[in-house]
Amino acid sequence: MQRIGVFVCHCGSNIAATVDVKKVVEMALKEQGVVHAEDYPYMCSEAGQSRIGEAIAQKKLTGIVVCSCSPRMHEATFRKAAERYGLNPYMVEIANIREHCSWIHKDMEEATEKATILMRAAVAKVHLNAPLQAGESKVTKRALVIGGGIAGIQTAIDIADAGYKVDIVEKTPSIGGRMSQLDKTFPTLDCSACILTPKMVEAAAHENITIHTYSEVEKVSGFVGNFTVDIRKKARMVDIDKCTGCGVCQEKCPSKKTPNEFNRGLNNRSAIYTPFAQAIPNVPVIDTDACIKFKTGKCGVCQKVCQAGAIDYTQKDEIITENYGAIVVATGFDTIKLDQYGEYAYGQSKDVITSLELERVMNAAGPTKGHLERLSDGKAPKEIVFIQCVGSRCSDDRGKPYCSKICCMYTAKHAMLIRDKYPDTNVTVFYIDVRTPGKNFDEFYRRAVEDYGVNYIKGQVGKVIPQPDGSLLVQGVDLLDQKRIMKKADMVVLATAIEPNPDVRKIATMLTASIDTNNFLTEAHPKLRPVESPTAGVFLSGVCQGPKDIPETVAQAGAAAVKVIGLLAKDKLKTNPCTAKSDELLCNGCSTCANVCPYGAITYETKLINDHGIREDRRVAVVNSALCQGCGACTVACPSGAMDLQGFSNRQILAEVDAICR
Amino acid sequence: MTYSYYPGCTLRTKARDLDKYARACAEALGFTLEELPDWQCCGGVYPLGTDEIASKLPSVRALDAAKQKGQDLVAVCSACYHVLKRVNDDMANVEDIQTRANNYMGLEDPYKGETKVLHFLEVLRDRVGFDELKKKVVAPLTGRKIGAYYGCLLLRPGKVMGFDDPEDPKILEDFIRALGAEPVVYPYRNECCGGYISLKEKALAGSMCDKIMDSAGGFGADCLVTACPLCKYNLNQSGKLPVVYFTELLAEALGVKEVAL
Amino acid sequence: MNKQAELIRQVSGVEPLKCMKCGKCSASCPSYEEMDIKPHQFVSYVQNEDIEALVASKSLYKCLSCFACIERCPRGVKPGALIDAARQVVVRQRGQQYLSADEIPALLDDEMPQQLLMSAFRKYRR
Amino acid sequence: MQRLIDRAKELLGSGEVARVLGWRKGENSWDVEPAFFASAEELDGFVYDGFCGANLSKYMIEASKLEGKTLVFLKPCDTYSFNQLIKEHRVDRDKAYIVGVGCKGKLKIENIPAKGILSVEGAGYPDAAEMLTVKTLYGDVQVAYKDAMLERCHVCKGKDHMIFDEQIGESADTLDGDRFAQVAAIEAMSPEEKFAFFQAELSKCIRCNACRNVCPACSCRKCVFDSNKFDSAQKANTTSFEEKMFHIIRAFHVAGRCTDCGECSRVCPQGIPLHLFNRKFIKDINELYGEFQAGADIDARGPLTDFRQDDCEPSIVGKRG
Amino acid sequence: MSVKNEEFRPVIVAFCCNWCSYAGADLAGSSRLAYPADVKIIRVPCSCRVNPMFILRAFEKGADGVILCGCHPGDCHYSTGNYYARRRMTMLFSMLDFIGVENGRTRVEWVSAAEGVKFSETMNSFVDKIRSLGPNVRLGDLRCKD
């Protein structure tokens, strides 16, 4: 028989304002096995915890129930406290009377009644709790960073500097990411390449960093401290060790009609290519879909011209398997497709472009060599219109419900750069709100208006109307003047919403990391654990977690690195003891449980079983508690009830059900 | 293939051509339009008010009649198509309208939006296929530069109509191409002609139609094609370019124009 | 809540609070310049329960029901449905018809399609 | 029948098998029971005729633990159960010598509408007659063989053996019904009618556990209803959980594993159509997740230990009408 | 049993997976999105931990409705748990429907950690549904004696 103590937290007035905590204490004392109950303003405080300790000692408690906030908030706190005072931490149960009760109900009587029932359910569960011991697992002192943009690069450098090995897996032929496509960066107008390239070089040269470009994560298994990852190294068709990066192959390649991804398809590239001049590694890849040799078997020009003999048409994809202790996701973003926004005439006119395309147009290495030109006729635009929030803040299914966060600032940057370099060109920005929270951000935007004469008009654009003469008519209203605006423009730039890289869903699934409805990875806690995923050992860096600019990305990248370092610094980790366990006497050995186990944690052994005097060899299930993550799929699959989950046993859950339905 | 056919009141009067050409073309293309018996006028505009039931009933009757026959329901007039499709959407998805309309109708087997509503153009695109249509053309309209005028009713609201991309539609252009003519894409092809407002505000409708005509003319169109009698009427008031029904063009290309009349 | 405002909200099925005041409806409206109360303002009039002004507005009869505002609204608000509901409130009151029987003959011409008359009647009269 | 006995004697004699698992005559000609035969002499009591409905697969669980091979006679439908047991590692294929026997449909004595039955003639194998002659205290009655058949034979899965070492005897096609007709009829009822139907049927249950004991899928060493894992052990009280839910849980536990052998209904002393629960699951599985026959393919994943990413949502239950 | 609907306070058991739906319920709480107190949540590690026995037991002990919430398909913390739960619950609900228990008393909803609003809306609509169905008598009474 358990001796149970019940501790009811006021949480200041968060709970006590709606739940009569004294009444809950009174009701608790009526429960079978409850030998102690008390309330306290802040149970989670040092004083609150020591009261729990005193009660454990004085009343010889064998189990405790804390009626407080969500177990997701403080279960760990109270378990640690219990352990400190000599009680097995798994003899603690939380009744969530804040998030699930006081915060959502107004009527005191009703809330108190519900809190009482939740308390009873927890008491009923504790009656059946058993002390559990956490096991230990080793930590592989190596980290994986998925994505080689600025987020991934920074995370990798920080981890590597602390002395741990890091691998970067990058899908494209070079690291650098979105930032390498940018021309200048706000709010200081540094040249993007000038600040990024040194970082890329640093990562490449770092003795602790291994970079796998043109590679993708194929499969992930294991758990925190012990991940096993299959990485597909796609066939480059170019020997990375032999290639000198001379570039002759690209020059001579006769297939030059493939849209250049790096320049957002604004010009073409050869079939053998490096995405950009500063690419790391500076080794081209052959796009086999475009390559004449691969399509027809006839060509081989690159092989002929390569003095280093680096071209190898026989290369095959290679799968390598590596072990890691921690994984950082830094998969970044792309701009949304604008197929559904026909009213802005993107796709109908070449002179309607996205902001990212404008970055390439303004970049000296871009399709126009940095000259601001209309892509239709190469003429210099005299009137440029920027349209904000294209696909952002849209609750319909065409766009994204969130604010993309970076657009207000980069548009101010673009406007300013254009006005600075081409004073004859007028710039008009149609905005809904100008959002500039950030150090020196609003000042930056004001400079665009005050010093550079950028014309900001409040009001979303209704339609961009291509004119027979090749110009564009922008139809809008000035909401402040209540006036219809028909603005003639030579070029229209759309501040297109950003969205997480589409691959992230696949990666999140492999990592069992949660993802929200917008495909952003979910953090373990929105405020207190912003760089950790809820899945232990998986960390988040950059825009994969939510829209952010470069400074924020770099800050988060560093934070993720610190979390990784903190993990890799440990030699051993405590494992979750709430794992499945099979009762050998009941097990049929039918394999049904193993069929549903996502971790391959269940194996079968033939054992000599003594079943009430009958001794026979039986095939029985054995759970590897280091692999088991405690989902419980096996427990339901098991027809005989032999498989049960510690900490969430059948009887414990049934006791909760009974208490609630009582 | 046989379709239930809802001509609508305008096709019985001022827009007889639209109807006759449609029937003749259907025959030439090997499908049958079977006119629903006792159809009633759709009302010309879709009643936006969520509490308007009575004005939706003529459409429900037509839709249910098609359901009884197990046929898809085809309309040629943009307005009829618009009203039928939206009422059908209500009947399928808006529980309140569904219940109340069925109560009015007193049907044994309640109507729940089962009928598929098709515009004649959709039949051409999705059932006949423009490639197939192209093969049946006997008198290609080679050399003609035709601007498609969609107007509002075929396209919007895009989610309910599901007819084509409401901001950058293609179906009429593909249709024009199939007939051997050159489609002229111009940005005002999905802007409003003024609609019913031309009854009292001729000038306003006129200026809207002028913009459309100017834009189409500017991009080189020598005539406009439409599916809507009201659009045609309004555009004709502007008169800058000739306007024809799409069925007329089709009949011409299929060589059944003379037969039809 | 004002009864008429509530009625308009119900009949239109529009939730004015969804509006983020971006003005895309007005920017899309072909009748913008003809209207005294602009499409993006419909929402505020209903929200502020200033129904008297709204139903007196000539915008009621300038809206073409072209659905451009409904199509393009990024928040799913439907200003067009709102103004149509306001118009309904007016025409449902006896004698409040925008088109009187006497003025019709003068407006007709030979070419005018049935559809025009039907829709104008629906929009302007009870 | 004689061929079966001869072959069994041969195999016993050669030492190929250590024992034979078959059927033995009971007190009356229709009372047939499963039995092990260890010698040629014992085989004199062996019988195989229209009353040998019993599925012997489950007995192979125990036989697998014994020394040497066991010769087991399996009818076509029994082989599904045997396969399923192999898949679940409950029987040892190497310990079985399977003789697939022909089947011309099996009989149910209760289906013969006569009183005071003394014997039934014409049920023999392989020479089953079209008409059975039933001798009763009150004279002879003629009953069509077909009319006395078990329900399951009317919806027979086919006369192919899924697994065997050798086959003996001819089969006859007995399928003349729609396997899911009754399930569909119940599905079409109103909730009130459904409830009334099952309440009436389940009220008859005396929890004798015959269904559980005969079921080849209910092969757990210890049933959850006998263990304390769900606080459900051995409560006889009529208001308790397992009394009401026993049949639903049992059906759920065998869902995706039940081969629809029909033994549960055959042995129920109260005549409850228990197979309806299993068939309901089978029908749902077929409709929602694709045709599946447990025991047909040892390597196929069971439908409840499998999934597709685009599986229907549970709300489909309310939408199917 | 004749309880008037307005007085009827149903007993509703909600099984919520720890990673998504329980967190969604927490978010509903911290966002102060009310739903009736009739709903009592039981935390399970994953929707696949929910044994049909638990649901039947709840009904037997007097629950009027049982709802299971888990991560959206594809987003399960354990990769595949909710896919199994989906099939199991489809089967169970179908069986309950088959024996005449109103289908509205059982529900599965996928609620992510970010969907506090959805959690609250789901619970509100579920409670409404159960209130409209009235007290659950059938499962408590499936096997009648005498």
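Which chain is which? They are A, B, C, D and E, in the order written, and residues in each are numbered from 1.
The rule we apply is simple: a contact is a pair of C-beta atoms (placed from the backbone, for glycine too) under 8 Å apart; a residue touches a chain by one contact, two chains touch by 3 or more.
Remember, it's a predicted structure, so these values are computed and weren't measured experimentally.
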Chain hops separating subunit D from subunit C, counting only touching neighbours: 2
Chain labels contacting subunit B and also subunit E: A
Winner on C-beta contact pairs when D-E is weighed against A-D: D-E
Distance-maximising chain from subunit B - centres being C-alpha averages: D
Centroid spacing, where centroids are CA-atom means, of subunit A and subunit E in whole angstrom: 30
Centre-of-Cα separation between subunit E and subunit C, whole angstrom: 44
Approximate Å spacing (C-alpha centroids) for the pair subunit B, subunit D: 62
Cα-centroid distance, subunit B relative to subunit C, in whole angstrom: 24
Subunit E residues counted as touching two or more neighbouring chains: 51-53, 57, 74, 80, 84, 88
Numbers and ranges of subunit B residues touching at least 2 other chains: 166-167
Subunit D, residues touching no fewer than two other chains: 224, 230, 304-306
Each pair of chains that touches, named by its two labels: A-B, A-C, A-D, A-E, B-C, D-E
Subunit B partner contacts - residues on subunit C that touch it in the complex: 10-13, 30-31, 34, 61-62, 64-68, 70-71, 80-81, 84-85, 88, 98-99, 107, 111-120, 122-124
Subunit D - residues contacting subunit A, complex: 65, 87-90, 219-224, 227-231, 253-254, 257, 301-302, 304-306
Subunit C-touching residues of subunit B, taken from the complex the two chains share: 8-10, 12-15, 41, 43-45, 47-52, 55, 77, 79, 152, 155-158, 166-167, 191-192, 194-201, 204, 208, 228-230, 232-233, 236
Interface residues, subunit E side, partner subunit A - complex: 11, 13, 18-20, 22-23, 25-26, 28-30, 32-35, 37, 40-46, 48-54, 57-58, 61-63, 71-72, 74-81, 84, 88, 112-115, 120
Contacting residues of subunit A [partner subunit C, same complex]: 343, 389, 393-396, 398-399, 432, 458-463, 475-477, 479, 482, 484
